[in-house]
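Below you'll find the structure I mean.
Note that the chains are named A, B, C, D and E in the order they appear, and that numbering of residues resets to 1 at the start of each chain.
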Amino acid sequence: DLVVPNLSYRTGPYGANGTQYADGFNDYFTLLNERDGGIGGEKVQTPECETAYNTEKGVECYEATKGSGALVYNPLSTGITYQLIPKVSADKIPLYTPGYGRTSAKNGKVFEWVFNAPANYWDGASVAVKYLLDQNGGSLEGKKIALVYHNSAYGKEPIRTLQELSKKHGFSLTELPVDPPGQEQKSQWLQIRREKPDYILMWGWGVMNQTAIQEAANIRFPMENFIGTYWSGSEVDVKPVGAGANGYKALTFHGVGMDYPIYEDMTKYVIEPGKASQGGQFVGSVLYSRGMYAAVVIAEAIRKAQELAGTPQINAAQLRDGFEALDITPERLAELGLPDFGPEIKMTCDNHGGSGMARLQQWDASTGKWTLITEFTEPDQEVLDPLIVEDSEAYAKEAGISPRC
Amino acid sequence: MFDAMPDRETLLEVNNIEVIYNHVILVLKGVSLSVPRGGITALLGGNGAGKTTTLKAISNLLHSERGEVTKGTISYRGERVQELDPASLVRKGVIQVMEGRHCFEHLTIEENLLTGAYTRSDSRADIARDLELVYTYFPRLKERRKSQAGYTSGGEQQMCAMGRALMSRPETILLDEPSMGLAPQLVEQIFEIVRAVNEGEGVTFLLAEQNTNVALRYAHYGYILESGRVVMDGPADALRENPDVKEFYLGMSDQGRKSFRDVRSYRRRKRWLA
Amino acid sequence: MFYREAGDFKTSYRDDSQTFPIKLDRWGYYAILAVAFLVVPFVIDSYWANAVLVPFLIYAIAAIGLNILTGYAGQVSLGTGGFMAVGAYSVYKLMVAFPGVPIVVHIVLAGAITAVVGMLFGLPSLRIKGFYLAVATLAAQFFLIWFFNKVPWFYNYSASGQINAPERTILGWAVTGPATTASAKYLMCLSFAVVLAWVARNLTRGSVGRKWMAIRDMDIAAEIIGVNPLRAKLSAFAVSSFFVGIAGALLFAVYLGAAEASEAFGINKSFLVLFMVIIGGLGSIFGSFAGAAFLVLLPVFLKNVLVAQFGWPTDLAAHIELMIVGALIVFFLIVEPHGLARLWALTKEKLRLWPFPH
Amino acid sequence: MQEGYTTADGREIGGVLMDLRNITLRFGGVTAIKDISFDIREGEIRAIIGPNGAGKSSMLNVISGFYVPQEGEIWFKGYRRGPMKPYEVARLGLARTFQNIALFDGMSVLDNIMTGRLNMMKASLWSQALWWGPAEREESENREQVEKIIDFLEIQNIRKTPVGRLPYGLKKRVELARALAAEPRILLLDEPMAGMNVEEKEDMCRFILDVNDEFGTTIALIEHDMGVVMDLSDRVVVMDYGRKIGDGTPDEVRSNPEVISAYLGVAHE
Amino acid sequence: MEFLYAIEVMLNGLMAGVMYSLVALGFVLIYKASGVFNYAQGVMALFAAMTLVGIMEGRVPFAHLIDAAFGVHVSSFGWTVPAVVAILLTALVMIGLAILIEKLVLKHLVGQEPIILFMATIGLAWFLEGLGDVMWGADVKVLDVGLPQGISETVERVTYDWLGYGFFIDRLDIWAAMIAAALVAALVGFAQYTKQGRAMRAVADDHQAALSVGISLRFIWIMVWSIAGFVALVAGIMWGTKSGVQFSLSLIALKALPVLMLGGFTSIPGAIVGGLIIGMGEKLFEYFVGSLVGGATENWFAYVLALIFLVFRPQGLFGERIIERV
C-alpha cells in the first residue's frame, strides 16, 4: 500500500479551518481507492494524526507515522513545516506545502525534499498587487495599501515582497500586525478608518479573519477593496459576518464550488456510500477543495513516480523524483474531472514551486457562494526570484547545504 | 447548683469513635462521652490528646481536614448525626467555636457576628437585639465593630468567635480552648458568660480546655483525654480532688501551688497509659 | 514487609541528610540511572526519542525550574514560556555567533542569560503576591514573545522570524541539526536532566532551599527571623530561570530544531509546565519528573489507544482525550492534592507499615 | 539607673541592653501604642502584660522591626537604631516567637529549626549547588548545634515530622527551638504558654529559665498566666489601651491599684 | 483633528474595556466566594455560547459521537428556538453545570490551598472544552440573538454636527456597556447588602469557619457558580456575536486577567473600572507608541500596565487589603 499520512488538525484554535481541509484530502484518496482501486493498483492509506496546529504534536505525529513507509507530508501549518524541513531532509521524505510553509523552498537546489507548487505566499502578494494594478489602469502611484497580518511567522511572510513591490510601483504600505488569536482589532481598524487606505490586504488565519471582516463592515470599508490571502478566503471567514461581508475578495490557487465533473464520482463512490470524512458536510467549500487539490497533486506525483520507477510500489525517494518530473497539464486536469480547476503545474529539479499562478474570488453574501473573478495570473517573478534566491541561500549557508541540480 | 446531673437527659452521645487523618494517622482510639442537656462538660488533656479532633468529629468538620470517623457512633438527641453536613448540624442547634478563633479576616467584626445568624430566619429586629446582647457581653467588640477582624488583637478575635456562635441561638456550643490567649480577667469573664448563658438560656456546653483550673471550676462534669483515649472521667468536684489531676493538671502539690521557678528538673510524667 | 528502613542506621549528620536515606531507594535510583545511561541509548528509536523521552526530559528540566520558584519559593509564575524563549533565542544567537565554542557552553550560557532576565522580571515579586504575581508574570510572557517577534536581530533577519538550529557536535557526534541520531538527542537531554536535578536537590536541601521554603510558607515570619526577602526571591527567580532557560535552549536546539517565538513558547507552554509542577507535586524534584511524564505521556497514550485501538475519528479522539486528561487532573487532585510525589510517598509509607497498619 | 542590679535569687543583671523611648504607634485611626518608654537589661527576664488589645504584640513587633513606630527611638547596646528592615534587626541578635505560631508548615521540624541558623550559614550559591566544601561542612556544623537544641527541648522523636501535623504545644516548643537556634542576645516570646496545661507550662518555664541561666540570654516575654509571669520575671511592664500603667518588680506591679483594676481584676495570689 | 481622533480611540478603548469586564466579572464572583481563581471562566463562556447556538438551531447534542458509536447520522432536530427561550434554557444548563461542578469537584477540595483549586479549575477547563466540542462540534458557529452591530449612525451624526468629526462607536459595544452596567449594579447590591452576599465573602475567607457557623458551602458555591455561569453566558453572547462562536472565544479570559489585577480580584466595581482603564490604556498606547515600535502591543501592554500599577498598590484598585500580620 501507499501511505500518505494526513497530519490534520480538527481541534484547537484553527480546528474549524483544518477540519475542512482534512476532509477534502481524505475524500479524494477514498475516491481513488473506491473508484480505481488506488493508484496504479496500489491502495492509498491516509492514516490521520491530530496536531492541533501545535508544533510539538506535529513532531510527534511525524515520528509516529514515518515508520510505516510514509511517502509525503502535508501538515497545513507553517510552524510545523519549519520543524519538519530539517527532519524530512534527513529522513528523505518529501514535504508538500501548497500555498503555505517556507516560501523559498521553491528553490529545489537548496530544498531538495520540499515542494510548494502551485503558488506560495509571495506569489499571492504579487498577484494581489497585479490585480490592483489592473484595476487602476496599470499604476498604483500614490495609492495607500494597508497590510493587516497575523503577528507570527506566517503573517510576516509577505512583508518583504510587498515592500519591494511598493518601491517598484510607488504605493505606500502600512503594516498593521494583529496578535493572535485576534479577536480584538479595534485599534487597527480605527487606524484604518483614519488613514483611509485605498486597499487592504490581509494575511490572517482563524478567528482573526472574521473579526477583521466584521470590523471592516463596521467601519463601512468598501469590501471590494479588501483582499485576503488564500487562507483568509473561506466560508468560515465570511459567513459569521453575514451580509456585511458581501463583495469581499480573496486569493486562491484553485477553483471553488461543486461545478466540476469530479463531484459526480465523488457523490457516487464516496458521499452516498457514507464513506466521506465527517459525512461529507463540507464538500465543495473552499478549504475542502484545497485539501482535495493537494491530494490531487500528490496522487499525480505518485502516478508519475510509479511510471518512472516502473513499479507501483514506490518509496519516498522515488516520489521525490515523481514530484520533480510532475506536469499537470490543463488536459490532464480535465481528465481528472477538474477542468480549469488549477493552473498548470510543472516542477523540475530546481523549481519546486511551479508557476506561482493564482486568481481572485469574491464572496456573494446573498447566495452564500464564492465566485471566481479573474483568470490565473502570473506573479511578478522579476521581483520574487531574487528574494527567493537570497532567502534560500542564506538558509543553505546556515544549514551547510551545497546546492544541487 | 447541680452537680453531675445524672438524672438529666443525655443530649449528645459519643460512642467509641475512632478517627483517622489522611488514611494513615490514627488519632482517636475509641472515645466515648455523653453530654447531658443543660450541662457544662469539660474535655481536658494535654497537647495532642485529641480534644480538638473529638469536637470536630462531633461537628462534622473533620472532612475538610482529610480526617474521618472510621468507627463508632455519634448521636444528638438520640439521632445519628454523623452523616449530616455541618450546616444542618448548626440548624439542629450545635455550633462550634473553633480553636484558634477563625474569624473572617476581611469582614468587619459586626459582619462576622452577623454571619453567625446565617441559619436563622428570624426578623432583622430579633437579630439586631441579639447583636446588642452580644455587645453587652463583650463591650470591647462594640468599640471595634467597624474594624476588619484581621486587624484586631488575639483576644478581640476570641470574643468575636464566641459572639458569632452565640448569634446562632444555639442549643449546644462546642467550645475549643476559649481561654487561650486571653487575659486572666477576661478568662474569668468568658467563663462567667458561659455560665450565664448556660444558666440563663439553658445552652449546653462541651468545652475543650487546657486551663484545667478554670474549666473544672465552671464545669459540671469532666473527661480527661490522653493519646486519643478517655483515661478518667467524673464530676468536676471529684476530679478537682483527685491527687493525680491535682498534681499534673492543676500544678498543685501537697504544699499548695508551687512556684514555676522551683520546677527544677523535668519530671518523668505519670501516664495513665504506660 | 520488604520495604524497610529498620536496621538502616545513620552515624553522621552527613549520612542523615543525603538524598535517599533509605537503602532500597538508593539502589533503585542507581538502577534507574544505569538503565537510562547504559541500556536505553542502544534500544531507543526515533519515535521513542522524539515523541516521548526527549520532550519528557526537557519538560522535566523546565518543571524542576518552575518547581524551585513555585514549589519551593512559593512564587507562582506564568512566565515560563517567555523564559524558555529567552533560553532558545540566546542559544541560537550564541551558536550562530560563536560556532567554535562547544554547544554545552552555549546552552549553559543561555541558562545564565535567562537567569538575568528572570531576575529582572522577579523584581515585582517583592510587592506583589499570590495570584496577583501569577498574573503579573504573564507580562513577562507576553512582552518577551512580542519582543522576540519584533526585533529582527534575534532571528537574524530571516523572512519569517523562524530560527533554525545549525548542526553542532560533541566529540564528533551531532547533537543538533538534522543529522542528530535519536540516542544522541536522548543522551544529551538525559545528561542535562540528571546533572540539573542533582543541582536542584543540593540547592533545596541546604540553606538557600530553606530560605526559599521559609518565604513560601510565611514570608513575614521569614523576614522577621532574618531572611532577606528580596535576595531569597530573586535568587529563586534566577535559579529557576536558569533551569527554564536551559530547557528552552534544549527544546529549540536539540528537540525541535526550528522555532518561532509565539508558536513554540506561547502562553500554553507556561501553563503546561505549571500543570506538570502541580500534578507532580509542589516542592518535589521527583514530582517534577512525575508531572512531566504524566503530561507528556498521557496524551500520547490516549491518542494511541483511542485512534489506533478503537479506530475513532481523530477529532473525536482529540476532544475526548482533552476530557479525559481534564477529568484525570481533577481526579488526582481529589485523591491527593499534593501531587503524584505525595501519592508515591504515601504508598511507600503504607508499604513500610504493611502488613500491619497502625 | 545605668548600673545593673542583683535579683532576689542572686542573679547578676547587667546594664541596659535595649531602651525604648517614647514609642507611639498608630494604625490609621487606632493608636496601638501611646508614648511608651521602658528598657530591657542584659540578662534579665522582662515581662509585658496587659489586657487583650493593649498593644503588647504590637510592641514586640516594633522591637523586631516589623512595625515602624510613628514616634520614638529605639536604642540597642547604646546605639540608636535607625530605620531597619526586620531581617537586619534579626541579624543584630534578636529572635522571637509569635502569638499565632508562625512556623513554616511545609517543612520538617528539623528544617524549621535550621532556618533559625540561616544567618550563620554563609556558603555561596555555587558551593551549595555542587554540595561541595563549605556548603557541606557548614551544614554538618550547624546541624550539630541544632541537635543540641533538639535534645535540650526534648523533641528528638519528631525531628523529621512536618510541623503542620504537630499538636499545638509541640509547635510552640519547636518555635522556641527555632528562636534559640539563632543564639540571640534578646529572645522575644509572645505568649509562649498559651494553650498549654500546667504540666506543659512547667516544662516551658524550665526551658526559659535554663536558656536564661545557661546562655545568659536576655528574655522579653508576653504572657497572660499571672502565675508564670510573677514567678519568672524580674521586672514587669503593664500596658493598657496602648499606655503604660505600671513598671517594676512583680511585687510592685501586683500591688499597683491601677494594674489591679485594669488587668488582674482581683488581687492575684 | 488629531485630538478628536485620540478621543475617538479613547472612547473605543473604553468600550473594548467593557467587553473585557464582562469576562472579568465572572472571575471576581468566584474568587470572592471561594478564593478560587477560576481558570475555566473563559471556557465557560465558550461552552455557554455553544450551547446557546446549539439550542437555537435545534442541533442534536453529541451528534458526532452518536455517529461514531452507532453509525447513525443525526445533526438537527429540525426546529429552531427563539433567542429569549434559548437564553433561558442555556441559563438552566449553566445552573446544572454549577451543580455538577460542586458535586464532582469542589466538594472534594474543601480547605485546600488556592493553587490546588486553581489547578482543578484548569482540569475543569480542559474537560469543558472537550465536552463542548463533543457536544456541539468544533465548527465556527454564527450567533445572532438580534443584537445590532456596526457603526452607530446616531453617534456619528450627532458628533459630526457638533464637533465636525463623526465618532465611530459600535452599536454592539453600546449594548455591552448597558448590560455590563446593569449586571454590576445588581451584583454589587447582592454582595454587599444581602445575607447570602455576606456569607459568600465569609466562605472566601475561611472555609472551615464558614462551615462551623452553619453556612452551607454547597449552597454558596452552587449559587455563585450559577451566577458566574450566567455572567459567562452574557460574555459569550457578546463576544460570540462579535466574532463567531469557536475555540478562540475561550481565550478572551486572557484579556480579562489584567483587568482583574488592576481592579482587584475581589471587587465587582473593580472589574468594570479595571476594564475601562485597561481598554483605554491599551488603545491609546497602541495609537501613540505602538506605531513607533512596530505595533501589536496590546497583548502585553495591558499586563505591563497592571503590573506597574500593582507595584504601588499590591491589591489592585479596589481589592481587599492584603492583611499582613504576625
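Everything that follows uses one rule, which is that a contact is a pair of C-beta atoms (placed from the backbone, for glycine too) under 8 Å apart; a residue touches a chain by one contact, two chains touch by 3 or more.
This is a predicted model, so every value here is computed, not measured.
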item	value
Touching chain A and also chain B, the following chains	C, E
Partner chains shared by chain B and chain E (touch criterion as defined above)	C, D
Chain pair, D-E or B-D, that carries the greater number of C-beta contacts	B-D
Averaged-CA centre spacing for the pair chain D and chain C, given as whole angstrom	42
Centroid distance [mean C-alpha coordinates] between chain C and chain A, Å	37
Mean-CA-position distance for chain C and chain B (Å)	48
Shared interface positions of chain E, touching two or more other chains	64, 133, 138, 294, 296, 299, 325-326
Touching two or more other chains - residues of chain C	146, 149, 220-221, 224, 313, 315, 319, 322
Contacts with two or more other chains, residues of chain A listed in rising order	10-11, 15, 19, 151, 179, 278
Each pair of chains that touches, named by its two labels	A-C, A-E, B-C, B-D, B-E, C-D, C-E, D-E
Chain D contact footprint on chain C (complex, rising order)	12-14, 16-17, 199, 202-203, 205-208, 210-211, 213-214, 216-218, 220-229, 235, 239, 283
Of chain E, residues touching chain D in the complex	326
Chain A residues within the chain C interface of the complex	8, 10-11, 15, 19, 48-50, 52, 54-56, 59-60, 63-64, 67, 78-79, 82-83, 85-87, 89-90, 102-104, 151-154, 156-157, 160, 179-180, 278, 387, 391, 394-395, 398-400
Chain E to chain A touching residues, read off their complex	5, 8-9, 12-13, 15-16, 19, 64, 67, 73, 75, 133, 138-140, 142, 144, 149-151, 168, 170, 239, 242-244, 246-249, 251-252, 255, 282-283, 286-287, 290-291, 294-296, 298-299
Chain E-touching residues of chain C, taken from the complex the two chains share	70, 76, 124, 127-132, 134-136, 138-139, 142-143, 145-146, 149-150, 220-221, 224, 267, 271, 275, 278-279, 282, 312-313, 315-316, 319-330, 333-334, 337
